[in-house]
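Read through the structure below, which is laid out as structure tokens, and then see the notes.
In order of appearance the chains are A, B and C, and numbering begins at 1 in each one.
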Amino acid sequence: MVVALLTDFGTKDHYVGVVKGKILCGLDPSQYPVFVDITHEIPPQDVLKGALTLFFAYKYFPKGTIFLCVVDPGVGTERKAIILQTEEHTFVGPDNGLFSFIIKNEPIKACFEIDKEKVLEPPYSSTFHARDLFAPAVARLIKGEDLRSFAKELSKDELVVLSLPEVVETEDGLLVPVIDVDRFGNLITALHQSACLRRFKVLVNDKEVPCVPSYGYAKKDELIALFGSEGFLEIAVREGSAYERLGIPKVKIVWIG
Amino acid sequence: MVVALLTDFGTKDHYVGVVKGKILCGLDPSQYPVFVDITHEIPPQDVLKGALTLFFAYKYFPKGTIFLCVVDPGVGTERKAIILQTEEHTFVGPDNGLFSFIIKNEPIKACFEIDKEKVLEPPYSSTFHARDLFAPAVARLIKGEDLRSFAKELSKDELVVLSLPEVVETEDGLLVPVIDVDRFGNLITALHQSACLRRFKVLVNDKEVPCVPSYGYAKKDELIALFGSEGFLEIAVREGSAYERLGIPKVKIVWIG
Amino acid sequence: MVVALLTDFGTKDHYVGVVKGKILCGLDPSQYPVFVDITHEIPPQDVLKGALTLFFAYKYFPKGTIFLCVVDPGVGTERKAIILQTEEHTFVGPDNGLFSFIIKNEPIKACFEIDKEKVLEPPYSSTFHARDLFAPAVARLIKGEDLRSFAKELSKDELVVLSLPEVVETEDGLLVPVIDVDRFGNLITALHQSACLRRFKVLVNDKEVPCVPSYGYAKKDELIALFGSEGFLEIAVREGSAYERLGIPKVKIVWIG
């Protein structure tokens, strides 16, 4: 069993370790999962960035993986604590949009609201549901407990869903928003290669930038465009940071021929 | 078996990986533990901060967990290398105060000094006892070796114990020191909710701040007080950093009614 | 089975998690390895630093460990994807010098070039071979597949090998380059203690610095020289950062007596 974790907890405090410890507390050693950290460095409270990172990651995990995802500015309030099931995976976390791109891209087999009264054990905190609510729920899932014994079914239509900035069609092409900046300073845009069926050129701040198959095809320090590992158009600098050079630039696609 | 790790080694070098590798070297694969990182970002040589983080974390780990904790400015000198046993857990690390709040809060069943001559294997380093002394000791514990074969019993009274700044009673309330700042910029104080049996208001730099049950009950950017996940009074900013706004402020409790 | 990972991917994105997920996808749960992160904070594209960190780490891992190492500015180009076998370990990654100090210090039993056509499964990315090429190769190794079914043997002489700055002999001693700076600001030099068979003194920016057995033997804030955990001469400040104080200084050894 694999438990993949994504949070905004950072790694300087004890928060992530305690969540893992709490999951293990509920299990027999023979049931201990393999923990895989997706990241804990989602910027504090940035639910949309968390949703996007989860979207880029989830499909590379084995069937049966439980994703525990917590970016949760509304912790302790009335926001729901949910469990989503897709064909391959189970997702556990707050209902605040963190699972937006799972909901948009995968058929949801079932979704549930965790019954706090059945899972929280006193004394519990109202500021750390990852430890006191979500971790015990994950342990119950690993043990194979019947979900309906601690959660009640919800309609998918009740879930919070967020949206990314979208590509805008113009007279001669597309205006393409930057939706993410990675560790290398690569600028990831909202344009998927599946939407680029015609020949095109890429303009960054109104100047044409060459399109290449991979970073290694550019000269050192050259500004380039390419389709990244998830198929989205990226603006990058070979062995450098496009973000440091340009900040968030204006990116445009112009159809040619 | 769970091995939980807490160090000031950071994650940019090979130090943490090597400690884990060294533990595994001493084991049969059937004995491999689950490693859980509490944190490796204790500020360099900050033993008190390490002690506090361990205190906030340890009780959420399963019975039998071995905690390997190394913040060790005195490595290679005469400071003792120790093993502490409580009812539920075993702690391994230097005797420099890192286990202060375990010693103060848990009955210590037994404590031992590791016999360096029996555990260090040449060639060993005098600057990296986590790898050369503590990791092999942890491996021996996992294998179930008799502690007395490589360590000798100590009196608990010989151990180094550090203290945190303490709450000070005033005429009308309490002066409350800030003892920690977490990743979110929340200011954690030394005041536990168990010491607040009367009605009170919270003053931060002499201005009253509202008390709420959780972050989500405040308005965005509002300065609030609340009892955090370990029951200590926190000063926080909803979706912001109290530390960035205030640094380390003066926090006071005034009894009312 | 242990899989140790070393990359320049950082931990803020999903990259490392996805590589682990992809390895697990190829395995039966009974084959799941223990993952140990050496580091993911090699500075972007700094192959030499990656090679050095791997060199400092590998010998502390159990026999049979597979090292997946990816610092790969040439990803997607014609650079080879390789597998090296030593007596104890297997190394997987790009052929760009990342394994230089393994090749220089260990007898290489065999080395192979991964056949991309046999391992890459469409759709694959040309920017993320760690996920699409190296992770599936690691999964095949764990499953015990015959290497020759997806890789072809290479001569060791074809491999890219990088060099570190070297110690230079002078009339009265040695000029010693700094080759690494660790998390504590310790300056690690290229001088191994095995090359210091005579009595010597250490000059840092032309001033003598005392040699001590370990950090704890110095006074707080004192500048010292010592042989670090891998046996290389280090310049350090007790409970401080030599790098912050000196940057990269000139280090000299003068033979005495």
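Throughout what follows, a contact is a pair of C-beta atoms (placed from the backbone, for glycine too) under 8 Å apart; a residue touches a chain by one contact, two chains touch by 3 or more.
No experiment lies behind these values; they were computed from the predicted model shown.
Seen as a C-alpha superposition, chain A sits on chain B after a turn of 120°, to the nearest 5. Where the sister copies chain A and chain C meet, the same residue numbers recur on both sides for under half of the interface positions. Spacing of chain A relative to chain C, judged by their CA centroids, is 30 angstrom.
Among the residues of chain B, those touching two or more other chains are numbered 11.
The touching residues of chain C, counted against chain A in their complex, run 9-18, 20-22, 24-25, 27, 29, 32, 35, 44-45, 73-77, 79, 123, 125-128, 131-132. Interface residues of chain B, counted against chain A in their complex, comprise 1-2, 4, 6, 11, 34, 36-41, 53-54, 56-57, 60-62, 65, 182-184, 213-217, 226-231, 234, 238-239, 241.
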